[in-house]
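I have placed the structure first, in the form of structure tokens, so that the comments after it can refer back to it.
Think of it as A, B, C, D, E, F, G and H in the order they're written, each chain with its own count starting at 1.
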Amino acid sequence: MINEIICIVMVLSGLLFFVGGAIGIIRFPDFYTRMHAAGKGDTMSVFLILMGMAIYQLNDFSLANLLVAGKIFFITIFIMWAGPTSTHALIKAGIDEGQKVWTRKDEKGDPEA
Amino acid sequence: MSPTNITSIIPVLACLASLLAVLPIVLLRSKPNFREGATFVAGFLKFGLVLSMLPTILDGTTISYTLWEIVPNLTIGFRVDGLGMLFALVASSLWIVTSLYSIGYMRGLKEHSQTRFYSFFAVSLSATIGVAFAANLFTLYLFYEMLSLATYPLVTHHQDKEARTGGRTYLTHLLTTSIGFVLPALIFVFVKTGSSMEFAGSGFLKGYIGETEALILLLLFTFGFAKSGLMPFHSWLPGAMVAPTPVSALLHAVAVVKVGVFCILRVYSGVFGLEFLKELDLGTIITWIAAFTIIVSSLIALSQDNLKRRLAFSTIGQLSYIILGMALLTPMGATGSMMHIAMHAFGKITLFFCAGAIFEATGKKKISQMVGIGKRMPITMIAFFIGSLSIVGIPLAGGFWSKFYLLYGTVQEGQYAMLAVLLTSSLLNAAYFFPIVFKAFFCKPEESQFEAKVEEAHPAAVAALSLTALVTVVFFFYPEPFYSLAEAAASQFISF
Amino acid sequence: MSAVSDFPDWGDPHSPANSYRLSQGYITDTFPQTSVPNMVTAVLADYRGYDTMFETVVIFTAGIAIIGILRRYGPKDKVIPEQKLYKKEPDLIVETTCRLMIPIIQLFALYVVAHGHHSPGGGFQGGVIFGASFILLALARDLQAAQKWVPESRILKLAGTGIFIYAGFGFLCLLLGSNFLDYAILHKVMGVTPIEARSHSMLGVEIGVAFTVTAIMFSIYSNLASNGYMKEGL
Amino acid sequence: MYRLSIFLLLFGIWIVFSGQFDGFHLTLGVLSAAFITAISSSFLFVDRSKGFGDRLREIVLLPGFLLWMLYQILLSNIHILKLAFSSGDIPEVQPSLVRIKTNLRTDFGKWMLANSITLTPGTITISIEGDELLIHSISKATTEGVMDDSMERKIARIFEPESK
Amino acid sequence: MELFEAISTKINYWVYIVIMMIGLFAMISKNNLIKKLIGMSIFQTAIILFYVSIGVKEGATIPILYHDQVHAAHGDHGEADTSHGEHGAVESHEADIHINPDDFTNPLVHVLMLTAIVVGVSTLGVGLAITQKLHREFGSIEEHEILEIIKSGK
Amino acid sequence: MIWIFDSIILIFLVVTAIISLQVKDLLSASMIFGVYSFLMCLLWAGMAAVDVAFTEAAVGAGVSAVFLIATVFRTSRRSSD
Amino acid sequence: MENFFTLTGVAIFALMLPILYRIIVGPTAIDRIVAVNMIGTKTMVLLIIIGMLFKRVDMFVDFALTYALLNFIGSLAAARFFDRVNPEKQIAKLETKEQES
Amino acid sequence: MIEQSPALILIPPFLVAILVALVGFRYQKVCFPLTVLSLAGSVVACVVTLMRVIEGGTIRYFIAGWAPPFGIEFRIDGLNALVAVTVSSVGLLAAIYSKNRVPAENPDKVSQYYTLFLLLITGLLGMVITGDAFNLYVMLEVAALTSYALIAMGPKRATLAAYKYVIMGTIGASFYLLGVGYLYIKTGSLNMFDIHEVLKANDLFGSPAVLVAFIMITVGVWIKMAFFPLHAWLPNSYAYAPTTSSAILGPLVTKVMIYVMIRLTLTVFGVEYTFIQLEWSNIVVWMSVLAILAGSISALAQTDLRKMLAFLIIAEVGYMVGGVWLADETGMIGAIYHIIADAFMTLCVFLFAGILFAKTGKRDLSAMDGQFKKMPLTLVGFLVGAFSLIGIPPTAGFFSKWYLIQGGINSGHYEYVIALLISSLINAVLFFRMIEIAYFGVKPAEGHDHNHSSDHDSGRSEASASMLIPLLITAAILLLIGIFNKDLVAIITDFVSPFNIASGAR
């Protein structure tokens, strides 16, 4: 039961961060800032949700389930490696492509132009 | 009256004799003498084989041999009867003569590709004999097609522009009609009867098809065998005149056109049966078509200046005699038409030989240039005269007899219109042949028309044409073999 | 067409016309007959092993086809001289990540191949993942690095070996006197029961598939990415 | 020795993956781990000079660091959330590019640092050039956050104890 | 609700047709060669969707046996493994394992579609290779441009 | 329960399919095709076709998207339609 | 609990909508790619959730992992694409501009 | 070993294909002998299987030993075996022909070429001998992928043609797959014979799903065989592909697809359903009439030799589709016989086109200029093929036409008969135009200078033996299967007659 509650809490908070990422990706003005939302929001929320699942999986404890939880944990580790790297790669790609950095100072123009 | 039948492989051998001759001809291509020797050997062999069957056939017996069942229910079979024998006899004998002539002609003109010429000549002859001895419609068609293709290289032998056009006309006509008309008709017959389409003395189609179908089939067959030169599909014949003269001779006298006519006769008698045709009263249509062709072609012939073209149109007319005779659906008409196959063959081949000889010796093709040539080439022109006699149908030449029987047939049937047609056309024949002879012998040539020396053609050619002329005369006095063959055949077609 | 196709009685419910003895039979009989809990794998590699063999051949064909279409050999085609080849500036972050990942990906790929019997996966998926590890290397460094690891000749060898393994199992059955691909006969060689022989042969077959897929996936990638030169990639 | 340890590591991972403990699958595991060790062991650890003790210390200290990182990620997410839900046209957003210098020497250390910076609030590493990191920062505050080198020191304590 | 459910069970088939038409349309009408290939992939996927939809059974699980069933078969038959775990679907462990076909989706279509996916990716690969070759030779991947080049070039 | 997922995914599928064909930038098109593949994979997972989903995940998401990108890189990125 | 997972799934789908919006509208290709990357992550989570619903997570974990992996490869490939098509690096330019402003 | 012959049909080309890919990569010389050997092995296996079929009736071979609905089955009857023999022997001949051409046209890629070549044959053979609807799809794709590549390995325009082929071929194959899916929904089976049993047992013939399945399968197969309105991919592909490719694709791919159509109509859906219940025969026959006419007339307009032949293939496809849909036993026999005959005659003319291209480097008809002098033997081989396409007696083409026309008359489809005849005539025109050019030269000699011209190119230069021998063998085969067509037809009849296709009465 306690597992379930932990799970629900974690999943919900994960969802919350997802919402943050999703809103962020719409609202943020330029590519780089959106990248912040995407990269960070995803990593954390995936971590939370998956760990929630893993904990729920341990509800009835057995070796098999432990291993499944271990695998889920492994995925999260993986995400934590891969997430920043791909964020980094993409943001670098954006710079290579010549995406303009949106700055507060020129407020007159279209931020993305 | 059912003729007794024996099985023998001789017809096959007769057919194959010339086909196999191709091999030595090609192998001996570097030695012209041996090559032509091979041609002769094959020719005599073939003639001998054909002749060896003659007595049997004259007894009223047929010889048959089934070679191969190629499609279920359909065989490649050989069967020799009177009509086939008659035709085979003419063809094989004339091959020898033509070979003789062509040696003279080809060597005289130093033509190129002589090996190819002789090979395809031999193949054509095989096909011709195959047609003559075909036991069923299918075999007939096979050899018919084979003949069309084998003669193409002969027609276009010169390989120049004219030859190309002529050859194209030739093939277009023949293939269009054979594939477009004969083949469907053939398959239709096969589908309807389901039989093996063996020629029977009195036809086998009766009872399988209705009147309309019969009419359509009849027309398909009649026009389909376009080698016979019936009027709408005749134009290949003058077109094919571009061929070397021996080929023209072969085409117009022996092999090709006679094959066409022969096929038509075969179909009328062996497939439909003359009685069946009579029952449906289909003969009249054919006679009118034939009559039209006769008159029109004769009229056209009058206006031709090129000798070979004139002969070609003459041939068209003469062929229609044969069809007309058969379409009269009387025994006498049938006999006459069959005899005309032979008689016209000998007559016309003589004429062509002569035309070739003139061309070889002088290089002239036009009639208007031949004034006074009779003095220079007396033998040739005498032969020409005899040939014309035969074609016109005047006594002292074999043509008289066949025409006689044809006329007799019309009278017998009471078709006086046809009688009139035949007579008119004979007059026209005379009108377009005799002036040539007259001018040749009795008019003075304009000066400088001929070069200094104009002599007779190559001896072989002269020999050949005199031979045929002689034979033509002989047939007037002794038409017995052909008459009895024709009568035997006719008696099978129509029970008296 | 779209209108008509609605007519037949579709149905997700568990008893449409498709619960014919075929699928029923597959579900109930696979385990007793082959001792493989993953029915898909069992059907794939055994009942319809012939299909799968040619599925592998399709992959192989695609690889060869792409080499045939795109590959450019010879000095005259070498439009880009060696020194003008694109030199990627090293990116430490990506490279390190990939370096750490690649062995684990490969291990995972092998795991997928080996556990096709018990969980989803099998030769094909494992092969793709394994191939992806090479692609990852090529992306992280450059094509040359990956090429050094699996040069073209080795790709072909690998791919061919894979199919040979598959067909070899089939052929062995044939030689032992049974039908083509009838693994049960292999118990004579393996020394286990026929059922287990089927199970083990399936694993062997999957390994063959994995070989081929690995090689061909990388081959396709390297050809496509280098436009046939195999010199510089994406 | 290096290969053996890699092999053992991989085999451990295999067991996590596999979840089957019968002989057959373990054999397969040994084979695959050996295979991977054979073909790509050189990828895992570039720096082989480190002794066993160093590795052990890394393993011991890493979880702590990870937990701290987790906390940082949480912070960064909250930060994003705050930004996302703030009204108006997000006044706090004021991006800038920053260059910071690092004292870390090893590639692995730099990598760790870069990734950590990416995961911490409001900053993303764009590139590493020599010992300089180019960082995109979302606001003034985060720029300042990245300037202090506490993170770098933590990483250095784990992976490069001899430096500093 | 009944009606809604009826529609929702058939929605697969409707959508498959829609997707197929999208793919077909793209294959036929697009000018860009890569777009065409993407359309082709979508088209193929639609077919796979159709097939997989055939095999679906309401309330059935993935076509892999439960561990318990496997163990029951492997272990001694007499020793009944009582731990059902959370899976209630296991019927019995008596003499032999008993597998209820309704509990598992149809594995056959999955097998077929594995093959189809593989074929799809192979075709895509070959198509892409041909596209690259075309670009190499004509310098364009727009069909109408290529056709113009051919027309003007020869 | 899963049919809810199914229906949502199906709608998404149609949308992504259309987008990926309408986008003028081929690189985006291939990436969006990747999304399409993701969704397909989800759909199949939802339909209990695990192996198919696995394959699609491997092929659609990973390999074929990379192939497409490689080709776009080697040819041209702009599309007239 | 099952309902909870279903609702979670639906919520994640709902969260895909804004990302989808970014995909449709996304002014540049790279925006789209970022969005695609995000959808990939969400898909992975969804996979696990589906596994939960089937009560067979052990089967679904494998390919969630595959998924994460290949998603990574996909975005890496896209990034490399930009790396290659823009050979002159613009980082320096960007910085100078930054300093000017 | 003899009872394994069905499996052995496929194994030699399949395994050797891979061997070629492996070994040939390094040693190019071994590719050709290996290819020929393996195909020869396949031919032997096919012939053995045919003999067994003739002796003992249908052979059933269970792959992997599972009984039919579960496993995949080869069910080999007269039709299969005949077509298999045809396919493998055509493959063998084309392989021999390819000896010099492949290194000439694709110097770097010999091993790949042969691998693809062998895999194509494998795929086609697989399609022919399999008894499983889905397996057929897999084989179809093997064959399709290889043929895309084989075409795309040609020069510029071939690539575009190959692209078109990829698109069309995929649509076709996918339609086929969909059709199989519809069938599977209704019957739950994939084995062709089993499907038929189920359809019959549950009386599903009225179901719209089966109807849609039928439509989809038929349309899919039609696309693949380039039936007239769906033929757009074919002409350019075959015209611009490497010569060996067109020599193997032209004869085989469309023919095998027609085999597939026959197999599906007869075995899966059954005669009753296809011809009687649907009442589509008339429409399809009219379509085939259109196909024949369109193919022939388009062929007339071509100057490119191979393109012309490609259009002729479209016409020939019309023959066969029409022949099948005449719903007449003889027509069916004719169609099946025509598959075999047409495979060889198309091979013959494509081989010739390849030789010509190799010799002159020209694609259009002017390449024929005066070739009679230069390579008479080659021309003889070509003539046989041409005559066969026209339908001139002793060759196989005549007899197939014979049966087809017979079927047409039997079933009262005179329009089909007429179309067939018109097409024959057009073929005649086409080929005699070519023969004329070969015989006379483009600009015919002006009477006097034929001596001159014969001096000019007196040198005879036959095609090299590796090209000439297959051509002559093909020509000989054409004559042989023409002359011995009765035995062939007996086998076909044995196969067709149990289906009780209505004969005659209509």
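Criterion: a contact is a pair of C-beta atoms (placed from the backbone, for glycine too) under 8 Å apart; a residue touches a chain by one contact, two chains touch by 3 or more.
These numbers come from a predicted model, not from an experiment.
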>> For chain B and chain D, which third chains touch each of them?
In response: none
> Centre-to-centre on C-alpha atoms, which chain is most distant from chain B?
Replying inline: D
> E-G or C-H: which has the larger count of contacting C-beta pairs?
Replying inline: C-H
> Based on Cα centres, what is the most central chain?
Replying inline: H
> chain F to chain G: how many Å between their CA centres?
Replying inline: 12
>> Suppose each chain is reduced to the average of its Cα coordinates; what separation in Å results between chain D and chain E?
In response: 37
> Rounded to the nearest whole Å, what is the centre-to-centre distance of chain B and chain G, using the mean of the C-alpha atoms as each centre?
Replying inline: 90
> Between chain B and chain C, what is the separation of their C-alpha centroids in Å?
Replying inline: 74
> For chain E, which residues are shared contacts with two or more other chains?
Replying inline: 9, 12, 53-56, 60-64, 67, 86, 108-112, 114-115, 118-119, 121-123, 125-126, 128-133
> For chain F, which residues are shared contacts with two or more other chains?
Replying inline: 48, 50-51, 53-55, 58-59, 62-63, 66-67, 69-74
> Taking each residue of chain D in turn, which ones touch at least two of the other chains?
Replying inline: 13, 17-19, 96-97, 114-115, 125-127
>> Quick check on the complex: what are the chain C residues that touch chain E?
In response: 2, 5-6, 10-15, 18-19, 22-24, 26-28, 30-32, 35, 37-40, 42-44, 48, 51-52, 55, 58-59, 61-63, 65-66, 69-70, 118-120, 124, 220, 223-224, 227-228
> Within the complex, which stretch of chain F touches chain C?
Replying inline: 50-51, 53-55, 58-59, 62-63, 66-67, 69-71, 73-74
> Quick one: in the complex, what on chain E touches chain F?
Replying inline: 5, 8-9, 11-12, 15, 18-19, 22-23, 26, 30-32, 34-35, 37-39, 41-42, 45, 48-49, 52-53, 55-56, 60-64, 105, 109-111, 113-114, 117-118, 120-121, 124-125, 128, 131-132, 135, 140-142
> Which chain G residues qualify as touching chain C in the complex?
Replying inline: 58-59, 62-63, 65-66, 69-70, 73, 76-77, 80-81, 83-84, 87, 89
> Which part of chain H faces chain E closely enough to touch in the complex?
Replying inline: 134, 138, 141, 144-145, 148-149, 152, 156-157, 159-160, 162-163, 166-167, 170-171, 174, 177-178, 181, 184-185, 190
